[in-house]
Structures are given as structure tokens and as C-alpha cells.
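After this come two complexes, each holding chain A, first together with chain B and then together with chain C.
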Partner chain A sequence: MSQRSELRQQYEIIGSLQPAIHTPQNWNYEIPSALYRAYMHPPHDVGGQRDVPVHYEEKEEEQWELNTYVTCEVLAWRGVWNAEERRRRADNDLGYTLYLGMPYYGRWIWAAARMLVDKNHISLTELLEKIAEVKSRYEAH
Partner chain B sequence: MKRTKAPHARKSAGNAPARFKVGDRVRVKDLPNMFYSRTQMYARGVSGTIAACTYQDLIPEDEAFNQEGRLEQYYIVRFRQKDLWEEYPSEKDTLQTEFPDRWLEPA
Partner chain C sequence: MQTTHQHAGGGHEHKAAPTVEEITDFEVLEIAVRELAIEHGLFTAEDHRRFTEWAESIGPAAGSRLVAKAWTDPAFKARLLADGTAACKEIGIDWAEPTGFGTPSDYMNFRVLEDTPTLHHVIVCTLCSCYPRPLLGMSPEWYRSTNYRRRLVRWPREVLAEFGLILPPEVEIRVEDSNQKCRFIVLPVRPSGTENWTEEQLAAIVTRDCMIGVALPRPGRTADVHPVHKARHPVHSSPSMRAAE
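Up next, the complex of A and B:
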């Protein structure tokens, strides 16, 4: 966050991502059972929820999406994870806000990175430094 | 690099025998949700009919955490839409979805 004004703007965006319950959630001492069940509900179990009609779009995969797909499949092929673990991480562990907010393959690559860190194949420090290195390489062009 | 865990959920040789056959009435269990499930909330506690015995595999809740386990029979269960959604307009429409043996009980 280079500019302090950007920092304030970032806090505004984070605040707007809170769940639509719009009741202050400040580390409550007690919660009703129904709310507990709602918190435990797996985000990918969307059947039965109300929604507005969605415009159907025939969208082709972009290169980064194909790369993500292949990377995740190769990780499975080499026995680093299985498809159900991938779904658990990419559809569930990331939580509602990311589940609903990220692109489909964005969730896949997030889950792959998290899994590689969890299983000590890479360290978080390595990952962050690599992302920063690649980012600065792109910014130089 | 440190590897803390066998990456693949191993499928042990012993299979749990299939408890149901096509046409049997079954009810979907209403187990608590925590960390992961593929059993839809709307189907829990609802009765339907076995439409097909599909294949044997690990149950999702175990495989998702690389737990070893016995293979279980999977079934396609057919529900009346009216049983799932009270306000559903047609009596005839059905919905089919799939569950492993463990998630079903005789109805």
C-alpha cells in the first residue's frame, strides 16, 4: 500500500465485502442455532437459495485458466492432492466472500497455492517473494 | 521438502456391501455440517426412491481430507419435486441426485 489514501480506500472495499447479514458481528459470546448452522453451511451448496435470473454467457477459457487447470490436474496426477480435496479447498475452505467473489479458476489456483503451503511443498515466504518478483517484472514493462 | 502425509486417500480392499437396491425407499440423513459435505441441505430428511446403483468409491467427506476408508456404494436417488419444495407447482416432476450408502437410511 504505497499511498495512505489507497489504504483508506482498501479498508472501504474490505468493509463492503462483509456478509449481507448487516448485523454487527463483533466476536459474539452467543449465537442462535440457526445462525450457527448458516455459518457451518458449505458455500458450494447453493441449491434452494433465492437468486435473480442470470444472463447465460458462452465464455471460452483464457490462457491463465487453461494453465491453472493443467497445473491442478498435474498436481493430482503426481499424487499431491485429489479432486475431492481440491473441491473442498476451492469450494468450501475459502469462505463465502471469496467463493462468490473470485473467478472460477481463480478459486482453483488459490486452492492449489494454499494446499502447497499447507503441505510444506513451498513456504508462504517463498510464495510471497515469488509473487512480488513476478509483479515487479511485469511492472517494469 | 517435508512431506507430512500420504497424499492419496488410499482405498482399502474391503468394500461395504450395498444395503439398497433399485426401487427401495430411502431417507437422506441429516448429519451436522462442518468443514465439508456434498449432501445438499434441501435433500436432508427427505425420502426418495433408489433409481440406480452407480459405482463404489470413498465418501466425499473422507476423501476430501485424504482419509483412508472403505469403498461404499453410491446410489442415484429420485425425489418428487413436491417433496423437496412444498410450493412446487407440478406433482409429476422429479429430481435425481447421488449419495453414498452412509448418507441414506431405509424409509
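Up next, the complex of A and C:
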């Protein structure tokens, strides 16, 4: 994010991710019950919602996707987390923007990274340094 | 990945040439998480390799054999409908693999939904992507899509028609919502024109889509045809992305 124009572009994308607000939200002293219930609805509980017909296509699996699946399962196999906390909290309880916007396995690997930090297996600094190191390793080609 | 380099003292920037092997943000994150987990002893590279080997060994061929055997062996079919997980062992599928207690995500509880000429089943997981992995392998991406999950439970006839499966109105459709505690496959009606076929011949027409319930088996139909979105770095194509090798 070295350029002002890049920063502006980033802010524009972030702006477009904000939920469409049809009622003023500056002073939320109270909210109607129906709105409260809607906020409480889990984003992943989508059965029965309207949508348009689409072409159902196959997707060839990426190597990182298979690796992600295996990493998440092996973390559970070795007791670092269990399937319920992975599914219900880590993969799904992300809010609508992330839940609907991230790729399927993107949510998985992001959830695993967040869990390792939350449970103090690794520090956030360690994770960020590792990410930078992996990037530089591949960019050095 | 496009990157910019700041030259010390130079004060100018330029775009680096795209590298031969570009790497995405998720690929970077996947490598970082896996390596950190191994470095911290949360699991071993050997654990990862063993689980990968299992994940790559599963696929819909096991389900096809199961259905073909149920079509040709009424006693087996009865055992299969009574206790799906136990009957799977007869065709060499053990739901306890690869850990001894199954995968951490899949409970060892499996049921078979038997179609009749007037009843058709189709499976979904409205909450996410629960799927009978030991019998069908990894779920197709469309099965995990919000679109399929949203619409199938309310407009099953329409969604099936989009898959090319148009069922007459007298056929009742039952949608089974899979969950973390129970997995399903559909046992379709054995199609006419397959009398005297061997199990192997029968298995060839029982495709993955037939066992999900979005297609029906028939002689000559041996593959599920959908448009394919190609991977950038598909499994096996990219040695440097591969774990533990």
C-alpha cells in the first residue's frame, strides 16, 4: 500500500463492502424486534432463501485447497480444535461480508490461522512474519 | 503476484515482472499456517502426508460399487438400508479411516435413501457442505454454493430441471438435509435395459450426480457433464505447492 492511489482504491473497495443501510444507524438506542431477530440469524443458514438460476459448474481443485482441507482435519485429529468450533464458529460466524465473499476454502484457512492466534499457539507477529517470508520465498523466483 | 520494489535512495518505483509461478494470498496463507503448525509441533509432516493420501484415495467409484451391489444382491440391500456404515465394510469402505475414528469432520453415521418409481430423493447441506466423503470423495463446488443450498429445499423440481432432470408431477421429491451427525446417498431405481448386467457394468452408470440425486442412471450415461472451471495450480501439477514432499 505504498501509493496514495492504491490506498484510495482500497478504501473504495472497503466502502462497497459495507452493508446497505435503509434506516438511519447513527443513534441505535433501540432496534425493533424484527431487526434484532434478523441480526441474530446465522449467515450460513441459507436454506429456502431466494436466488436466481445459475449454471452449476465443476471446479477443479487447487493444491492449496486440498492442503487446507487436510491441515484443518489434521489440526482436529491432533486435538488442536474440534469440528464443531471449526464449522460453527470459525468458518461460519464471520458476518455476511466475509461469509458470502470469501472462497470456500479461503474461509477454512483463514479460520485456522485465526484459531492458532486466538489459542496462543502462535503470535500474530509470528504469523505476519511467516506470511512475508513465504511471499518473498516465492517472489524470489 | 505483482509487487513493487522501493530502491534504497533511488526514490523511484517500478512494477516487478510477473513471476513465473504466481502465488495467491490464500496459497501464501495455507503454506504459512501449515508450516507454523508443524514447526510448533501441533502436527507432523507425516500426519499431513498420511491424511492427504487418504483424501486422494476417496472418490465416487466406491459409491457406484455400493449401489451396483445393492441392485444385484437383495440381502446386501437389506443390510445396507438397516445399517449403512456396517454394510460399507463389505465393499471395503471403513468409515473409521483414516484416524481410527473417521475424519474429524464426518461422524460415522451413514444412511441410504431408497428411491422408488414414485419417490425421488436428493441431498443437500443447507448449512454448509456435509457430504458422504468416504463414498463420494470431496463434494463438488456447486454442492457447497449458497445458490444450491438456498434453492433446492424450496424449489427442488426447478433446480433438478436445471440439472437436466425433469421429473413427472406424480413423482414425489424428498430433499434430505445432511448435517454433521448424518450423511446420505441416494439409491436410485435400477433402470430398465440393464437386466443381466454385471455389477461392474451397473457401477459404470451410477455416477456421482445419481447418488446426490440430481441425475438418474440410464444405459449409456457414464459421466456427469458440467462446465469445468480450471484450477490455477491443480492438485499434483505444482510440486512446489505440495505439502510434505
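Definition applied: the second predicted complex is superposed on the first by the 131 of 141 C-alpha atoms of A that agree within 3 Å, B and C clash if a C-alpha of one lies under 4 Å from a C-alpha of the other, contacts with A are read in each partner's own complex, and residues count from 1 in each chain.
We take it that contacts are C-beta pairs under 8 Å (C-beta built on N, C-alpha and C of every residue); 3 or more make two chains touch, one makes a residue touch a chain.
Quantities reported herein were computed from a predicted structural model and do not represent experimental measurements.
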item: Side-by-side fit of chain B and chain C on chain A, or clash; value: fit
item: Which superposed partner A:L35 touches (first chain B, second chain C, both, neither); value: neither
item: Touching partner for A:G48 - first (chain B), second (chain C), both, neither; value: both
item: First, second, both or neither for A:L98, with chain B first and chain C second; value: neither
item: Contacts of A:N120 with chain B and chain C, given as first, second, both or neither; value: first
item: Partner chain(s) touched by A:V80 [first = chain B, second = chain C, both, neither]; value: both
item: Chain A: partner with more touched residues, chain B or chain C; value: C
item: From chain A, separation angle of chain B and chain C (C-alpha centres, steps of 10 degrees); value: 60
item: First (chain B), second (chain C), both or neither touched by A:I131; value: second
item: Smallest distance from any CA atom of chain C to any CA atom of chain B, in Å, after fitting; value: 5
item: Chain B/chain C common contact set on chain A; value: 45, 47-48, 80, 82, 84, 87, 92, 121-122
item: Sites on chain A touched by chain C in the complex; value: 2-3, 44-64, 66-71, 73-78, 80, 82-84, 86-87, 91-92, 100, 103-106, 109-110, 112-113, 116, 121-122, 126-127, 130-131, 133-135, 138-139, 141
item: Complex contacts: residues of chain B adjacent to chain A; value: 1-5, 7-9, 32-37, 40-42, 58, 60, 63-66, 85
item: Contacting residues of chain A [partner chain B, same complex]; value: 37, 40-42, 45, 47-48, 79-82, 84-85, 87-88, 92, 119-122
item: Chain C to chain A touching residues, read off their complex; value: 1, 3-4, 6, 13, 16, 19-21, 23-24, 26-37, 40, 42-43, 47-48, 51-52, 55-56, 99, 103-105, 124, 126-129, 138, 140-142, 144-151, 153-154, 158, 162-163, 177, 180, 226-238, 240-243
